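Next up is a structure, given as structure tokens.
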């Protein structure tokens, strides 16, 4: 046979599970999008169509919903760990499980209102508005021995309206760009960071706190960096996390440079003193890099977009 | 000629203007998406291609950016009023201008942090993160005499995890639905409300405060209503606004019923006591209605989706 | 009560029904997205939450799937007529039904291949590839007496690489556009046309043939018009349909002007003789108009976008 | 310094270039979306913000448009090869260039029409309608010595309405799926294939013909395979290409299983003899695998989605 099978994986993608926990009248929500990918001894299903080793994707879906009941959802990471362990340890042909999860945050609707004429307003503890902003992500991989947890976020849109410059760059025949000494710097942050927790024997990070802190450090580094290039800002965001969070060894960023072009108002007899910008769609700069703890292995794949 | 021209309009759509205002080191952002539609004496351009009466859409774009400088952007509504007045009063062939604006909200990145080792953190007043959640909208129409302002929002996702029932409905041969006595009620609020301000002689509403208050009342009515149907909740949301905001006479809602189906865990020997839900995409219920101040004219078009 | 209920409607949106018809080994597909909107005596469900008059949206969904079996799907229009008639005639509180349908076209995968080494290749009559291009649409409205059928399409992207000019337009203080004597004209056609069939006593149009012919005439008019403005092209597309199809009385277009800007290559010492263009996203011109048979009533709502 | 920089790359993404070639009155279109990613000696821009080694992304954009003039666009692959070679050979700090291109196909609008009353209809050779269906893709990588070309397509939606079964699978506590002996098999094909051309000394493949043939073989293999699992179909699609096209050594597929569920019509007293299906959105099965020429190295990254 001149053709052979290479890497392969399968499972049910995008299981939209919502878990409500009731603490008296006070409700809590976890809202996840869970994708399962299993791999192992799967040659036959590709070569002959024999499904003997194939746990149906429908079963992987059922397992997601059943586990939301059996284990609850303490965090996306912990939930993914339960799922990955289950598939690898319970199905002999499955060697590796990879669980990817997106999490959508909700906040409570504020109903206590001194001026409200409506009764009972401050008693509502089951009403929520979706927070918007970033989608939190995690990817749990387990091969029966070692864990790899890569968490992150995407679509966190940020802007500095000053403290950004761009000059002193290389020039060639096709260079027409003018140097900028005060520009807008804006991007949609996509980031994935890898935890150095790999073994059940080790103490597990506090996933919720770690996420909150990593996000805070990234945002603050973005705000506080006087930027000579988006690459410099990226590196500051990454190193701030590496320095502040000992549980994280590696972080990969994909940062579009959301161009805001200063509009030329001279034809209309107007001066534009960094006031009026055109927010462009395409094309955009795309800056991507990995920041590592010194000595750590680079393991996060470089491509976070599928352009 | 057996064929004639009916209603027509033209202009530049989706002008993405960002306006920065600097108050010392403290910056402020307005981030808009502005669409211009002009109509009037435009038969010839359709019949013969003569552009004599056609102000180019490129010019309408330039005007949006120039006005962001000349008038600033106090609110989306006020900005739209400046634009609409300009086109109608300065171009003889143009009888009516309609300006539609989407506004994206930003909040400041919090950098003051007692625990931060980084210097100057609390001095950053030019760093922002996009708020996410709803998109604010407005539509300004002016015919040279009367104004119509229809503001609103879209994509504000809300959920009540209890206090929703659905029973006692009509049944026919195709009815299989089981009655529900405790269900999740979730929707993406799209709302448009019409102001009763129509004349330059009248006192203009405070557009920013009115938006904030209308949004708050909608959310609180959603949270506080014990719901027997999404229609009932919709009506409570609308009447709360009409009763609370005298400047608003009419509101139109388009509310998808974002179904959260209780997952049947019995096959796995598990009970699902309103804990685990499957969040479905399609199909969804779609509930649409207008709520009016008694005596007001119904003027907002009924279709807010283009399904 | 200071607040009253205005127009309202409800139903299940986006029911994705696929109907396979087997003619021996030869299969046929109809692939629809069906949205139901019902209105009538629905005050109580809004005011008090009483669902006594409410046929559940779940039932409207079931009806769509059951009718695909009971009536088949001869055309989207005929299917919508069956549904609308059913809801209005079988449920006393329902006065009006509006059915909106999107249809996705498929074409057969060509397997007969003289060079193929694979057996039976030309026997495959059950394999399809989705056609892409436009989405066909229809909207059926029935109030128990009269029918209104508005069919159309959206997202049909077309381009003329020459035979388009734009000059002789009005100018004001904000005009900077240069006149163009040979430009690209490109748009995504969205069109809706209204049939003059309104009564069960009248002979119904051949919906499939009418769609195919209206589409052909639009495309040919687009191709054959030497254009001095997109408005002129629009009018030619509309009048060609009105003149060619006696069953259609009115057509509404929404045509974005998909700008293709000639790239300035002079800084690189190159001439750009209408060869290299930048295809821009936003902003874009938006040209909208209704074309009518003389004497016909204008009934299609003017807004086909929800910018 | 406890933190270091890992892999990094930058460039301008999504340059939308349209190239018109005029052969007398007959025009030809190439419509591309080009993304440039450069890497090399870029530590300083990350560490200190020095842009001395950074050719601006704006320049990479200009180069795309200038090259469309200077070299024309014979094929997406050939165009990417010109670009990659230029960046690596002309900028000393740049070690590797990766060019990703999406291509959108257009077909001519048929205007010759024996029944047309309109003059000159068959002379129109500059009018096009976008083909829809799949997006063609390619990725060119060059490090100054070796080439890697990975071409493919995405969003090619296909369906077999019979000749698909699924049974004999593994079962566990969470398995409820019923075996299927005649089901719909539908997917959106995403595929990337790697060419074994790596060296300027070797004869380059005919990129246009190779694409057309690979696409044809994939579609025919999909149609002609009697499928016991989507994995089996995937393998047939891949091996058909490997066997038929000697210039291709490896192919990676990502195939969602677009579930079409047979609707239960029994509650309505109706039988559903594989006639009426509900086309579901999420969740979906996701089947991914690489198919290789025996002895070839597996080089295409396994993740084609960013779930």
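The first chain written gets the first letter, and so on, giving A, B, C and D; residue counts start at 1 in each chain.
Quick note on the criterion: a contact is a pair of C-beta atoms (placed from the backbone, for glycine too) under 8 Å apart; a residue touches a chain by one contact, two chains touch by 3 or more.
Predicted model only: the values in this text are computed from it and were never measured.
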Label of the chain whose CA centroid is most distant from the centroid of subunit A: C
Subunit B and subunit C, separation of their C-alpha mean positions in angstrom: 25
Averaged-CA centre spacing for the pair subunit D and subunit B, given as whole angstrom: 37
Subunit B, residues touching no fewer than two other chains: 15-16, 62, 66, 174, 176, 267-268, 281-282
Pairwise touch network: line, ring, star, complete, or other: complete
Subunit C to subunit D touching residues, read off their complex: 15-22, 27, 29, 31, 62, 65-66, 68-70, 106, 109-111, 113, 116, 118, 120-121, 124, 126-134, 156-163, 184, 216, 219-220, 222-224, 240, 260, 263, 265, 267-268, 270, 272, 274-281
Complex interface listing, subunit C residues touching subunit A: 173-174, 176, 267-268, 281-282
Contacting residues of subunit D [partner subunit A, same complex]: 1-16, 35, 37, 42, 45-59, 61-63, 66, 90-91, 93, 100, 102, 166-172, 174-177, 227-229, 231-232, 234-235, 238-239, 242-243, 250, 252, 256-257, 282-294, 298, 301-307
